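Just so it is clear, A, B, C and D label the chains in written order, and each chain counts residues from 1 on its own.
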Amino acid sequence: MARLLWGMIGGGEGSQIGPAHRLGAQADGNFVLAAGALDVNAERGRAYAQRLGVEADRAYGDWEEMLAGERDRPDRVDLVTVATPNSTHFEITKAFLEAGFNVLCEKPMTMTVEEGEEIVRVAKASGRICAVNYCYSAYPMVREMRQMVATGQIGKVRLVVANFSHGHHGDATDADNPRVRWRYDPKMAGVSGQFADCGIHALHMASFVAGDEVRELSADFASTIASRELEDDAMVNFRMEGGTVGRLWTSSVAIGRQHGFDIQVFGETGGMRWASEQPNQVYYTPVGGRTQIMEKGEGGLSEEAARLSRVAIAHPEGFPLAVANIYVDLAAAIRGEAHGAYPTAEDGLRSMAAVHYAVASAKGRGEWVDARPPSLR
Amino acid sequence: MARLLWGMIGGGEGSQIGPAHRLGAQADGNFVLAAGALDVNAERGRAYAQRLGVEADRAYGDWEEMLAGERDRPDRVDLVTVATPNSTHFEITKAFLEAGFNVLCEKPMTMTVEEGEEIVRVAKASGRICAVNYCYSAYPMVREMRQMVATGQIGKVRLVVANFSHGHHGDATDADNPRVRWRYDPKMAGVSGQFADCGIHALHMASFVAGDEVRELSADFASTIASRELEDDAMVNFRMEGGTVGRLWTSSVAIGRQHGFDIQVFGETGGMRWASEQPNQVYYTPVGGRTQIMEKGEGGLSEEAARLSRVAIAHPEGFPLAVANIYVDLAAAIRGEAHGAYPTAEDGLRSMAAVHYAVASAKGRGEWVDARPPSLR
Amino acid sequence: MARLLWGMIGGGEGSQIGPAHRLGAQADGNFVLAAGALDVNAERGRAYAQRLGVEADRAYGDWEEMLAGERDRPDRVDLVTVATPNSTHFEITKAFLEAGFNVLCEKPMTMTVEEGEEIVRVAKASGRICAVNYCYSAYPMVREMRQMVATGQIGKVRLVVANFSHGHHGDATDADNPRVRWRYDPKMAGVSGQFADCGIHALHMASFVAGDEVRELSADFASTIASRELEDDAMVNFRMEGGTVGRLWTSSVAIGRQHGFDIQVFGETGGMRWASEQPNQVYYTPVGGRTQIMEKGEGGLSEEAARLSRVAIAHPEGFPLAVANIYVDLAAAIRGEAHGAYPTAEDGLRSMAAVHYAVASAKGRGEWVDARPPSLR
Amino acid sequence: MARLLWGMIGGGEGSQIGPAHRLGAQADGNFVLAAGALDVNAERGRAYAQRLGVEADRAYGDWEEMLAGERDRPDRVDLVTVATPNSTHFEITKAFLEAGFNVLCEKPMTMTVEEGEEIVRVAKASGRICAVNYCYSAYPMVREMRQMVATGQIGKVRLVVANFSHGHHGDATDADNPRVRWRYDPKMAGVSGQFADCGIHALHMASFVAGDEVRELSADFASTIASRELEDDAMVNFRMEGGTVGRLWTSSVAIGRQHGFDIQVFGETGGMRWASEQPNQVYYTPVGGRTQIMEKGEGGLSEEAARLSRVAIAHPEGFPLAVANIYVDLAAAIRGEAHGAYPTAEDGLRSMAAVHYAVASAKGRGEWVDARPPSLR
């Protein structure tokens, strides 16, 4: 089981997401960091890459340089992670796919639906992996929920309720804080604030667990802090292809909620709930019965949940290892081994469609709109 | 502090709500059951009233008989509780108010907006108390939240999220169970199922805690069990007079949620949450600070919260004593003493308006509608 | 179902325990307060009793007066509750039993083992009810646990862990507060502080749920606030007659624990835990299986748990209604109806023995001692 | 920041602890696996090491071979982890220390007090790091608790309550399961079962957080499953050097507790509690104030807690990253950088003393004994 070679674009020193990816890629010994263009400042990026163990000739100044340097190497990287600012994801992901690299792109995959369609096309044409980092879907107990739905353990799904709410942007006096401000400025964030930032994680989760896709939606957006142009709170009602009713609340002004990302799934014969702050349990209730606490690591879980857990029952595993699980699945896919259902470019495209059409719905005072990208209707 | 005389209509043997009212009225020694028309079966009602200690001549066969018997007594009852089937609330409440009795009416106060307007008019004209049993608003910690908002402890309220979801009607095979079926049959339940049954508790709670009223709303209703004509799941977005954004989810098919009635209130300088299954705590977070667990009975709570708690900190008090708190407030009001903000006919009217206009909105695919009764616009 | 007549000694205006008893006795309409000697100040007691609805001739100045006044009445009280200072329980309880009254005595029943033996003898001779207010044993879910053990649902009990810890006496600067100080002063509190105050609730709970009695024990007492003569923290290890191992921790300096009274019971085929701050749930785990959340009010509970619950599943019932359940059982017993296992004088005696012998053990550096009262060895 | 070279002894394919160490050592990029003697079966060990990326000439058949192979290499490993069966820890750790290697030894460090003393001597003489893997002490919030105590935020510590209870050995029918049986067989496990296996984690935690050492103890051991020679349940009362009272309960028959390792610390001016199943929160209560929920990653934590957290607030980090934190500290120590208080050979020795003297105390019916190893009295 030789290690795979891994390249990273973005995620330089001081970034939040960089360490999570490095830990995720390396934790299980699947990948070794072999190339990188880590920083918008070329010199800083080269230096940092070398400090992280990258050979000097593979410590690149920018992604074009990295593409040029890697594309013809016999030992070129097996996977490229794109963790740059959102507006650059499209261009970089497309270029590497076209050059025949496998890509893991941070969310959002693109800024427009059209770009998303393009990535799906390019990925398909390339025959390469194009994954999107909806990492919450890789928690063992999230995979278990998906399996339970898929195998009929709660019957046909009637209702999905997914929330992703926090309060970390609730301080209006903090409005000039650049780390916060850009998210609500359409010039930097695009058409949507909180829904594009967090809501799409919840929407992906709903689809992932229910094993179904969103068909139409109706959105109510609000900027509860008046100086914000984009929404900091949103409610999205939706219907899935199979008729499932969906409810999704997302907020960044819910002071006191730290990382309130949770999902509830209700079917004909049972219900389940899971919360990202306590990701190692699922509360499952068969209709007419008692709620049962399912634990990561317990006997009898699905192979997929078992495979993605590293330590015994009730030894908690957290967010960085959910990211690592994405890399576990990608490593397996690259090696041609069995792997779980990692999120793909199609998922990234669906998210973009949901964001853009939700914005349209919200502007239309909640009118119901088709949530699907044109190519997937 | 002589005991007040209390009369009850409905709530006969085997009813769910009867014991809660009897306990509520009598627990603190404020009221003594002096008259009753407890059962649709006159004989059974008379017999049961006497077993509960009512004198034979005040154990009535129906409410008309009770009205006739009580109206001219010098020792007529100080308060009448109306706990009959929903469709009769209007007629009985109106008749007793007109005869000069104080009335506590079970929710829903009426079946239509027009009836609600009528009750408000009659109550005003009578100068009597007309209360509606939104008993959750009488939990000490709910009163505390209201006080905290009123005294500016979380700043201007930006957002209220209120849910009331359970799964007790989630079993489709139970569809013919008459205890369940009528709630989704418009011939018996009126225009709305779950929203009218549980949702209005949450809507009242939102207004009560925020100290504001709902101005407009947009609703999405679903019958997730296809045989149901009325909704068993609903999402209502709303805006309050002061601009507060509201989100309300209610469901009866959320299998595994037992009594998922909770509220979150988010303001400029803090957030709070409370859940009816653990009603003795509020989780309060000042912006930028840590979440604090507030406990019923702790030092420094408002007079209103303190007054409505009977035992020391961390000795839990539950639902029946929340009902009792409504009676505590009514007893004080009848005696002309200071009391808390018990829910009134106006609250009952607002609920009816919200139900009817939410139904209209849902039929209009979520169009935003004025949520206020005509007289309160 | 005529109401029973109830008399109360102690529990005057401003007392903590008085309101809980009045609510408990009256909540379900079983008892009506007919006589009382409520206050050490005779006039204040008489006046308060009358304000509570007691006729003037039954509003007594002290317990002797009440005994004299009630003993020969044809309508004498059916039950006397003794809620006076601890050191007077013995004398009053004994006198009323000897006069043929049923008595509910607050804990501790007596101050010495010898007095406890005497009460047991007198109660037996009188043929009357002598109950002790270990009210936590009357929570529906505590009764359910007892039934589960009794019917073998967790197999033979191997281990019981009962804690009763709070932090309300943790402030040393509060040491001169008379409400706190007396509890650690042997002149007022007797031989034990925290163990006698709270620990015996936990010890009774262990016996009650396990359906077994404590045979021997070893105690470690500590006065963590040096100015205290009596212990404010104690650990008691014990063995029950059937071999069950017991662990009991009690503390009053556990700052942050509000009312940390909980019990865990572990048997051959399952385990359970219950906590008094959330008294409506039991967490039950069959060996090799998942933890199940049992809810007060759910279908299929024992008759005893069902009978002692007033409102539907997930409508919480709290401490005052646990006290009320003691009165429910006593009313049934007085009426000759079926009732649950309320705590008796024998339980009160066992507690006294446990306190005194634990003190001896602690002085003996934890030597194991027989925990049983002489008459019950 | 060049990677350090790491060697591992034990932790072969299929072992539980191996993956945790590999992830821990490699997650943050501090160590690269350069040498290993991973398996009692030499060939299997060599093959597995190579599959994990070790060069063939450093994939050893056993620890002696590894010692011989590494000791004279210029690029010899910077750290050796000993994760072999318990009875071999002493010999291997000693040999590597004597040869000048830094060692991280799994717990228990030795089987006897004398061996423990020997390791402490050898480690001191060598000038090398000898750490013991009490990895729970490396959770960020555990470090935070230690800092809070050290900086006086809860005043002088009065009381520590540490539990480590689970139910995974509660099935008597599983008694012949070799994975379980050996733990209760003195021929394989030594003098103690559950206390040596789990209890010493809790005891170390108590000392670590309180910043004090155990001076004397009294133990009550029980074999609740009769076929077991060694204890499966134990209670240990103790006193620390500074007078702090300690309570420690550990059990392996607590069916329903999954990984019930938690600690409560109570001081003059506050209390704290932490539980390993939700390791990212500490509940802190200042005396007279409300309980506050402290979150890993929140602003204002100590440098040590901040340094050991990788992702933002409320993104949970779990057990494998606590192990990783031990490696973070060891890497820093090896590099001569600032690091936190990782557990040392002295901690390992103290544990051995506590185990042996607790066994003696339990045999002596709970007599109080000196808990300290001879050299540290």
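Odds and ends about this structure:
Throughout what follows, a contact is a pair of C-beta atoms (placed from the backbone, for glycine too) under 8 Å apart; a residue touches a chain by one contact, two chains touch by 3 or more.
Note that the coordinates shown come from a computational prediction; the quantities given were computed from them, not determined experimentally.
Using mean Cα coordinates as chain centres, the one most removed from chain C is A. Compared on C-beta pairs in contact, A-B and A-C come out with A-B as the pair having more. Between chain B and chain C the centroid-to-centroid distance comes to 35 Å (mean Cα coordinates, whole Å). Distance between chain centres (mean CA atoms), chain A to chain B: 42 Å. Centre-to-centre separation between chain A and chain C, using Cα means, comes to 55 Å. Shared interface positions of chain B, defined as residues touching 2 or more other chains, are 288, 291, 295. Chain D contributes residues 154, 158-159, 161, 167, 170-172, 218, 220, 222, 224-225, 233, 235, 237, 245, 247, 249, 251, 253-257, 264, 266-268, 270-273, 283-288, 291, 365-368 to its touches with chain C in the complex. Note for the complex: chain A touches chain D at residues 1-3, 16, 19-20, 22-23, 26-29, 33, 51-53, 166, 168, 258-259, 276-280, 295, 310-321.
By the touch criterion stated above, chain D contacts chain B in their complex at residues 288, 290-295, 298-299.
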